[in-house]
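Look at the two complexes coming up: chain A is in both, with chain B in one and chain C in the other.
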Partner chain A sequence: DSHTQYERVGADVTMKCGSMDWGSSVTWTANGTDIDESHLNGSYLILKNVDLTQSGQYSCYEGSSWHLKYQTYLSVGLPPKEPVLMCRSNNYPKGFYCSWHLPSPTYIPNFFNISVIHGTREMVCEKDVFPKNRCHIRYLQLFSTVKYKVTLTVTNALGKNSTTVTFDEFTIVKPDPPESVVAKPVPNNPRRLEVSWQNPSSWPDPESFPLKFFLRYRPLILDQWQHVELSDGTSHTITDAYAGKEYIIQVAAKDNDIGTWSDWSVAVHATPWTEEPKHLTTEAQMTETTSASTSSFMPPPTTKICDKGAVVGSGAVAVCWTAGLVLAAYGVLFI
Partner chain B sequence: SPAGDSWGIFTFLCAALCHLPALPALNCSEELGAGQSIQKTYDLTRYLEHQLRTLAGTYLNYLGPPFNEPDFNPPRLARAERVPSATVDLDLWRGLTDNARLAANYRAYSRLLCYLRALDGQAATAELRHRLGHFCSSLQGLVLSIAGVMSSLGYPLPVGPSVPPGSQGVVVVAPNDFLKKMDDFWLLKELQTWLWRSAKDFNRLKKKVPPAVVTLRLEARGF
Partner chain C sequence: MAAADSPSLALQRRDLCSRGIRLAGKMRSDVVELLDTYVERQGLDASVSVAGVEGVPVAAVERWDEQTGTQRVLENLAAYRAFRVLLAEMLEEQREQLGDTDTALGRALASVLLQVSAFTYHLEELLRLESLGLPSEEEESPPPLDPHLGLFERKLRGLRVLRELSQWAVRSARDLRQIAKHSPATSSAPSPAHSP
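Our next item is the complex of A and B:
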C-alpha cells in the first residue's frame, strides 16, 4: 500500500522504513535506483534540503529477504502564493465570470474554492468545464447598489492562501472584442476603406444595451494610429487613407454608458483601391507589371510574347499592352 | 427628542413638500417630439452622472472616513429603504411598459431631489452648498424633462412622489451623527445607481418610441 507524501522545497525529510527498527538492515531505492548508504541513518532515509528533482517513488526493502517493507511517493512542492483573481462581465446584463490563476507554480495539486457574497446573500458561482479556473454567476437583480465580494481560497497539502475582490455591478462590465472585422477597398476611391464588424456574440442584448465602438487604423509603414469613436452602427468608411498603402485596422467595443473598453479585435489588413497604370514607358517596367500581376494564374507564354518583342515595334507593343491590361484586370478582380 | 432634531424636521418638511402637485409639463416639449425629448433626457442623465462623480467625491470627503474609502461596503440598514432603489429583477425590468418605466424614473428622481435639497440646506461649507445647489438645479431639469416625455406620449404624471402610507406624519430620525452620515452615503449611492439605470431605461425607450407616434398624437389634438 503506497501513499503520497508532500514536502516543501528546502525541507529536511526523514523516511522510516515502516515498522522496521532503527537498527535493521534495509535498502532504499528511489524510482528503482538504489540509494547510497551515506543517506541513511540506521534504517531511516534522510533527505536534506529537498528539491523538485527528488520527487519520486521511494521504496524500502529488508536487507536479506528483499521484502518490500515500505513505499511512498514523495512529491516536493510549495505552498500556494496569493492567487490572482479577476471578475468581468462580458455578457451584461446576464451575469459575470471570475477567473483565477497562481502567480507561480506549486508543483503539487491545488484545490480552489470560490465564494461570492452580495450583501447578506451568498451566491453560487458555477464552475466552468473549460477553461478550468473559471466560474460564472447569473445576476438575480439588476442595478444593484450593493457591492459583490468574491473570495478565492487556494489550498494544497503544504498550505493555504486567499484573495478577495470587491466591486460594483457596473465597474466590471467589459465586452469581448468585436467579431468578423472586415476591411475592403472602395472601387474608384483611392483614399477610402470600408470597415464593417459585428457585435461580439457573447453580448446578449445589444438592443437594450447598445455598444459603442472605437476604430483605430494606420498604414503599416507608420507608427501612429488614427482613432474614430462611433456611437452606433457596425460599419465605417475611412476617407483619409494614403493611396496605395496597406493599412492595419482594429476595432474595440464598450457598453454605451458603463464599464470599460474591450480588448482590440483581431487586426485586419487592407489596401485602398488603386488605379491601373495607363502608360507603360519602358518594356522593363511593363514586364515587371505583367509578371507581378500574373503570379500563379497566367501561363508563362504570354509573358514571352512581350519578351520576344525586344524591338519595340508598334504591333508588338500593342499586343504586350493588351496582355498587360488583361493581366492587370484579372489581378484587380482577384485581390 | 424627535422635535429637537433638525434632520427630522427636514425629513418631515420634505414629505410635506413632496405632496404638492407635480409641476405641469411645459407645452413646448410636445412640439419637440417624443424621440427628441427622450434623447435629451438620456443626455441629461449622462451629464448628471458625470456631475455626480465630482459632487459625491467632495461630499464623501466632507463626511470623512470610512465614507470616502473606495472599499467601503456597509450593510444596508432597514432605515435606508426610504430612498427609492433602482435595483430590480431583470425580467421585471425588461417587461416594464413605457409608462411604468417613465413613472418609476419620475418618482425616483422627484424623491431623490427632495432629499438632496434637504442635504443642501444643511451643508456646512460654501463649496458644498454651491455644488449641491448646482446639482439640484440640474436634477430638477431632469425631473421636468421626464415629465415632458410622459406628457408628449400622453401618459399621466404620477401624483406626487409616493410616500409610504405608514410614514406619513411620522418623522424618521437619524439617532446619531454616524447614522446620519450613513443615510447621506446611501442617498448618493442610490442616486448614482439610478443615473446608471436611467441611461438603460432611456436607451430602451429610444428604440421603442418612433417619432411617428408623436405626429399622430399631434394630429389627433388638432395641431
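Our next item is the complex of A and C:
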C-alpha cells in the first residue's frame, strides 16, 4: 500500500505501520535507511516539526519477517500564498493575456484555476502550452465600459488561496517594445543619427490601431536622456547629437489612443559620422622629406596609428597629430 | 460605403476622416477630464456602477471588425445625435441646480457639447459625400428625460453619458480609420504618410 502523504512544514507527523498493532515490533526506513528507534512510539513513527529535508519514501517492515507492511511518500510543503496575477493586452484588439505566479514556492504540486467574468458573461481563458502559467482571452466586445473580473485560485494538498483583479478594456493595453531598432550615422552630417524600428510583431493591426512612439537617446558619457515623442512613422533623425560621441538609443510604443507605454526596446549604439582626418596627406609628405635626409632613421608608418578601423572619431585625429609632431621634430633634428 | 470613382471625392473622404479622427481625439481627452470634474462636483464614487442606467448610446460592440463603412457611420451618427440631446439636458440640469452654467463643470459640459455637435456635423458630411440619405433625427433621439427621475438618478445618468461618450470617442477614431483604410478610392489615392 503506497501513496503520497502531504504534510506542512513544521507539523508533527505520526505514521502507522498499516494494520500492525501499536505493540508490534517493526523497523522503519527513510529512503532505504533505517530510522533510529528514538523516533518510534511503539510501532508508530513520530516525526516532530518536519522540514523539507524529511521528504522521501518511508517504509515499515515487520520485525522478524521483514515483510513490507506499509509504504508512503512523505512530501513536506506549504499551502499556497496569495498568487500574483497580471493581465495585459499586447495584441489589442484581439484579446489579452493573464499570467500568474506564486510569490514563494510550496514545494508540492499546485493546481491553478482561472475564471474571467465580463458583466454577466463568463469567458474562456485558453491556456498556453508554454508558458503554462498563462492563458489568453479573446475579446468578444470592444469599447465596453463594463469591467473584466479575473479570479485565479491556486490549490494544493495543504490549502487554497486566490486573488482577483478587476480592470477595464483600455487600461491593460500595453504593446511589446518596438523591434529591430537600428541607428546609423548620416554621411557628411556630424550631428545626425538616423533611427528606424518596426512595430512589435505581436501587435496585430498597426494600420487600424496605429502606435505612437517615444524615443530616448543620450551620449554614453552623460546620464541625462533626450526624449522625442512621435505620433506616426517608424523612423526619426536625431539632429542634435554631439559630434563624435557614441550614443545609446531606445524606443517605446503605445497605442495612439489607449493604454500605457511599452517597456523600452533593446538599446542600440551609434556614433555620428565624423570627417576623415585630412592631414594624413600632409604627414605622408613630411615622412618622405624626413626619410630623404637621413638614411638611418626609419619612422614607423603613420597610417597604422591613424587606421579608422582601430580608432574612430576625434581620438584618431589627436593620435595622428601627435605622430606628425614627433616626426616633424625628428626631421628638424636631422636636417 | 458606396463606391466612389472620383479622386477628389476620395481626397474629401480621407480629409473628412483625418479631421474627424483629430476631433475625436480631442473630444476624448476633454471628456476624460470632464469625467473627473463631474464625479467630484456631483459627489459620486468614481467606481459606482451605472449598468442599470438606460437611454444612453452604448459604445460596446461585437464583431466590430466585420462592420461595413456605412454601418459605422450610421451607428456613430445615431450615437452622437443622442449625446447632443443628453448633454444639452445635463447642461439644463446644471442651470436648474446651480442657477447658472458658468461654473467649471458647466463650461466643460458646454465645450464637450460643442465638440459633439461638430462631430455630428462631420458624420453628416461623410454621409452626404457618399450620397447616402441622412436618417431622421426623430427616429433616433433618446427617450425624453423622465421628469420624476430623482437627483441621484440624474447624476448617475450623467455619469453614464460621459463614460459611454469617452468610449465612443475612441471607437469613432477607430471607425474613421477603418473607413479611410477600406475606402474603394484609397487604392487610387496617394499612400498615407505613415507606414508600419
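In this text, the second predicted complex is superposed on the first by the 278 of 335 C-alpha atoms of A that agree within 3 Å, B and C clash if a C-alpha of one lies under 4 Å from a C-alpha of the other, contacts with A are read in each partner's own complex, and residues count from 1 in each chain.
In this section, a contact is a pair of C-beta atoms (placed from the backbone, for glycine too) under 8 Å apart; a residue touches a chain by one contact, two chains touch by 3 or more.
Everything numeric here is computed off the predicted structure, so don't read it as measured data.
On chain A, do chain B and chain C fit together or clash when superposed?
Clash: chain B and chain C overlap once superposed on chain A.
Counting only touches as set out at the top, which of chain B and chain C does A:145 meet: first, second, both, neither?
A:145 contacts both chain B and chain C.
In the superposed arrangement, does A:206 touch chain B (first), chain C (second), both or neither?
In the superposed model, A:206 contacts chain C only, not chain B.
In the overlay, answer first, second, both or neither for which of chain B and chain C A:232 touches.
second
Pick one for A:90: touches chain B only (first), chain C only (second), both, or neither.
The answer is neither, since A:90 touches no partner chain.
After superposition on the shared chain, which partner residues are touched by A:72: those of chain B (first), chain C (second), both, or neither?
neither
Pick one for A:258: touches chain B only (first), chain C only (second), both, or neither.
both
With the two complexes superposed on chain A, say which partner A:250 touches: chain B (first), chain C (second), both, or neither.
Touch partners of A:250: none, neither chain B nor chain C.
Taking the stated contact definition, name every residue in chain A that is touched by chain B in one complex and by chain C in the other, in rising order.
93, 119, 140-146, 170, 207-210, 256-258
Taking the touch rule as given, give the residues of chain A at its contact with chain C in the complex, in rising order.
93, 119, 140-146, 170, 198-199, 206-210, 232-234, 256-258
Over in the complex, which chain C residues touch chain A? Could you list them?
Against chain A, the touching part of chain C is residues 25, 28, 50-51, 58-62, 64-65, 163-164, 167-168, 170-171, 173-174, 177-178, 181, 193-196.
In their complex, what parts of chain B are in touch with chain A?
Its residues touching chain A are 46, 49, 71, 73, 75-76, 85-90, 93-94, 186, 189-190, 192-194, 196-197, 199-200, 203-204, 207.
Within their complex, state which residues of chain A touch chain B.
93, 119-120, 139-147, 149, 166, 170, 207-210, 256-258
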